[in-house]
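Quick notes on the structure that follows.
The letters A, B, C and D name the chains in turn, as written, and every chain counts its residues from 1.
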Amino acid sequence: MIRVTVWNEYWHEKSEEKIAKVYPKGIHGAIADFLGKNEDITVRTATLDDENCGITDELLENTDVMIWWGHLKHGDVPDEIAIKVKEAVLRGMGIIFLHSAHHSKPFKLLMGTTCNLGWRESDDKERLWILDHNHPIMKGIEGRYFELEAEETYTEPFGIPDPDKLLLIGWYNGGEVFRSGCCYHRENGKIFYFQPGHESYPTFYNENVQKIITNAVRWACPDYRIDKLECPWVARIEEK
Amino acid sequence: MIRVTVWNEYWHEKSEEKIAKVYPKGIHGAIADFLGKNEDITVRTATLDDENCGITDELLENTDVMIWWGHLKHGDVPDEIAIKVKEAVLRGMGIIFLHSAHHSKPFKLLMGTTCNLGWRESDDKERLWILDHNHPIMKGIEGRYFELEAEETYTEPFGIPDPDKLLLIGWYNGGEVFRSGCCYHRENGKIFYFQPGHESYPTFYNENVQKIITNAVRWACPDYRIDKLECPWVARIEEK
Amino acid sequence: MIRVTVWNEYWHEKSEEKIAKVYPKGIHGAIADFLGKNEDITVRTATLDDENCGITDELLENTDVMIWWGHLKHGDVPDEIAIKVKEAVLRGMGIIFLHSAHHSKPFKLLMGTTCNLGWRESDDKERLWILDHNHPIMKGIEGRYFELEAEETYTEPFGIPDPDKLLLIGWYNGGEVFRSGCCYHRENGKIFYFQPGHESYPTFYNENVQKIITNAVRWACPDYRIDKLECPWVARIEEK
Amino acid sequence: MIRVTVWNEYWHEKSEEKIAKVYPKGIHGAIADFLGKNEDITVRTATLDDENCGITDELLENTDVMIWWGHLKHGDVPDEIAIKVKEAVLRGMGIIFLHSAHHSKPFKLLMGTTCNLGWRESDDKERLWILDHNHPIMKGIEGRYFELEAEETYTEPFGIPDPDKLLLIGWYNGGEVFRSGCCYHRENGKIFYFQPGHESYPTFYNENVQKIITNAVRWACPDYRIDKLECPWVARIEEK
């Protein structure tokens, strides 16, 4: 059983009627709904307004893969929580950062860069091109590309380390491109950044988006975790 | 003219007679000496005990490549200084981290990982194997490998992101291996991690070590720098 | 069910008594034995002396992952067979190249390089260091390293493209290092190069070696295959 | 002095009046013209109709960087010539493959893949997005992107190994994206694939295209070359 925790800032959906209509259960609720249909996945959710942002040591130890959505309230996540999440990843927990989570504290800490990009909300159509159909995260995605009728436009240069594996490039009819699906290994943890998912669009109901997130959960789920991050003194192996 | 700043913790050399004998001018002095012999390089130095650790905005703006050596006093570098150095790199400044600087604040911030490793001081011999002789950082290094009669042993697993280019693997007669020369691009800045250089050994007088550091300075020197890190709103390029 | 074909040159075992004692059923037989114990894997074998080297279009279409061992008789594999294997990989078949298969025709065709290395048979001990314990190919391998009492020594520089993921570095007590576990994605196919496995040593009975090969079979097994390699004319998607 | 050889199929320009008007001296002539203006570069040219395709051992030994343009006549380059070029690269010669040279024999041999892509001639506009402004090949290219008023459309999936460094992504107003600037290290040689340059468009007169090709020549120029590709027996370094 893969134990997933979906973390959501959950601000737009509570404060903007238009967004609440798109995601009445919150973005976390929408993601939990489709993930929970899989027999090998069990889901819980946590949000910014929960005590301690809903993130405790116990939660992290019992989460195989975390999913993170945030946008306007990145700064409200305390540094010590962000560091806890980062360290859980380095010990082996998988994590998937969605859309505007490119600027979340845990993502920026793990990447070591600004994760800056260019952006614009203009209802551009996005076409996502698949670079490697045989990667586990692309399982079941048909065709050379798939489309989203409208998304927030994100554009290069995207201030990230070059991905260990680039899976998707987004084309926007407004004229931009973006590295939209990026895999990273960081110590014992696997990280996937996936660009779609602006709060005002029904992106998380899209079948291909759901498949990719579900596949990414399985890909990021750890076989191996360590308890403690340490820099050990080691004895000599070979006799002098 | 490439403007280099060599930053050194400069603690061992001042507090331990044995180390002072190896590096009477400090490790920074030894590095400045061989770099300064190159007509295209001008060097200044800064140390932990200088005001503000010797690091100011003015210095960073006028440094093309920084070299960093630290060991026991990483924690004495204030976080805001470490962040300044990190951001200077992301804007374009090159940086070379030497030996125990794997645990320096700027390196850990830029890597996003613990940069942990296994270690031991047992006078092991190290043999550094060259993976790509035609990389600019290996220019002039002859043979399949070169040797250091004694070095601190560092061993895998080394908690770093996979290098964008791995140039050297260290073999130790005590039984270990280590990724000893690692290149990274991070936004506009180039980073080189180079493992040799324990304070108690005359490593920085070794001809191959000097060549590699000199080559790395030229490789990391920026052609392009930006003034400000930002995440801009962008206008639509294509007419709807 | 993962359909594996183990291909072996099968020359040493038939012509040298000493080798026959180590691998009485041939190296392919030894590999088939341990792989066949897995409920999700079914194995067949093919050897150089079989008609057509034992490799037909039908076989390739019905093989999910091929394992390749060859040494002295690389040249006896016809070019057209080697090309067939290469193209099957590019269409999606997984492949694992063992030890001296670094110089097999299919490996060299897929890498595009000489795949040269330095070598010596001197009963060196090898210690294989694990760079990423949470990669699927390392599942179940405990500790920072594992050892082989004796192996043929292979050494850098190894004339391969930088691996998409480097998993293992070999240390030899004779003084060398080697990139011993290398993952590649090539179009639709996954490739793993694994260095251990000289014919005169009982390497393929080693528990860790068996685990790694078994894990690599599962990793390389395709989710996606294409029938035909083509460079298609494509219609315009967007209206002018 | 960097010794460049520009190789061109030189068929379109001789047989199609329309193309001859765009490139009256041939594509090789246009490239030689702008490269030859640099004081550190000396250029010669060779074409398919020259004896031996214009490629001899002497030429390869005296070429630091080769530039390759071909399209309809890839098959007319003899295999043994293609292999000579490939081996010169593996020994250290730099090479730049332009546009439809993605299907040239030397490029396919070096990549080990089909190098297939989707394509269409429909006068699409291309916008090339720059991923890393501080790479030596991007020196002097201003802005987030540059444009070509019309180019042949090339589209993903592009059947290449993942580049060691991806520098450019092309956006086409017809709806496609393409990895348009790809760096590779292959043994001792550096390779750059650059997508623009269809014969019917004045692409090679574009200032940014000229800058990138000139920069790539300097980047690919070797510091190190070997005479012979070999897989040597090596003596034991450490005493038993």
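Quick notes on this structure:
Following the convention adopted for this analysis, contacts are C-beta pairs under 8 Å (C-beta built on N, C-alpha and C of every residue); 3 or more make two chains touch, one makes a residue touch a chain.
Please read all numbers here as calculations on a predicted model, not as lab measurements.
Between B-D and A-D, more contacting C-beta pairs join the chains of A-D.
Farthest from chain D in terms of Cα centroid separation is A. Same-residue interface: chain A and chain B share over half of the residue numbers found at their contact.
Chain B and chain C carry the same sequence, and matching their CA atoms takes a turn of 180 degrees, rounded to a multiple of 5. Centre-to-centre, using mean CA coordinates, chain A is 37 Å away from chain D. Inter-chain spacing, taken between the CA centroids of chain B and chain D, is 34 Å. Multi-chain contact residues of chain B (touching two or more other chains): 118, 127, 132-133, 155, 162, 164-165, 173, 175-176, 185, 237-238. Of all residues in chain D, those touching chain A in their complex are 118, 127, 129-133, 144, 155-158, 162, 165-166, 169-171, 173, 175-177, 179.
Taken in their complex, chain C has these residues touching chain A: 92, 127, 132-136, 138-140, 164-165, 173, 185, 188-190, 222-225, 237-238. Per the touch definition, chain A reaches chain B in the complex via residues 86, 90, 103, 109-114, 116-120, 122, 124, 153, 155, 157, 159, 161-162, 164, 173-176, 184-187, 229-238, 240.
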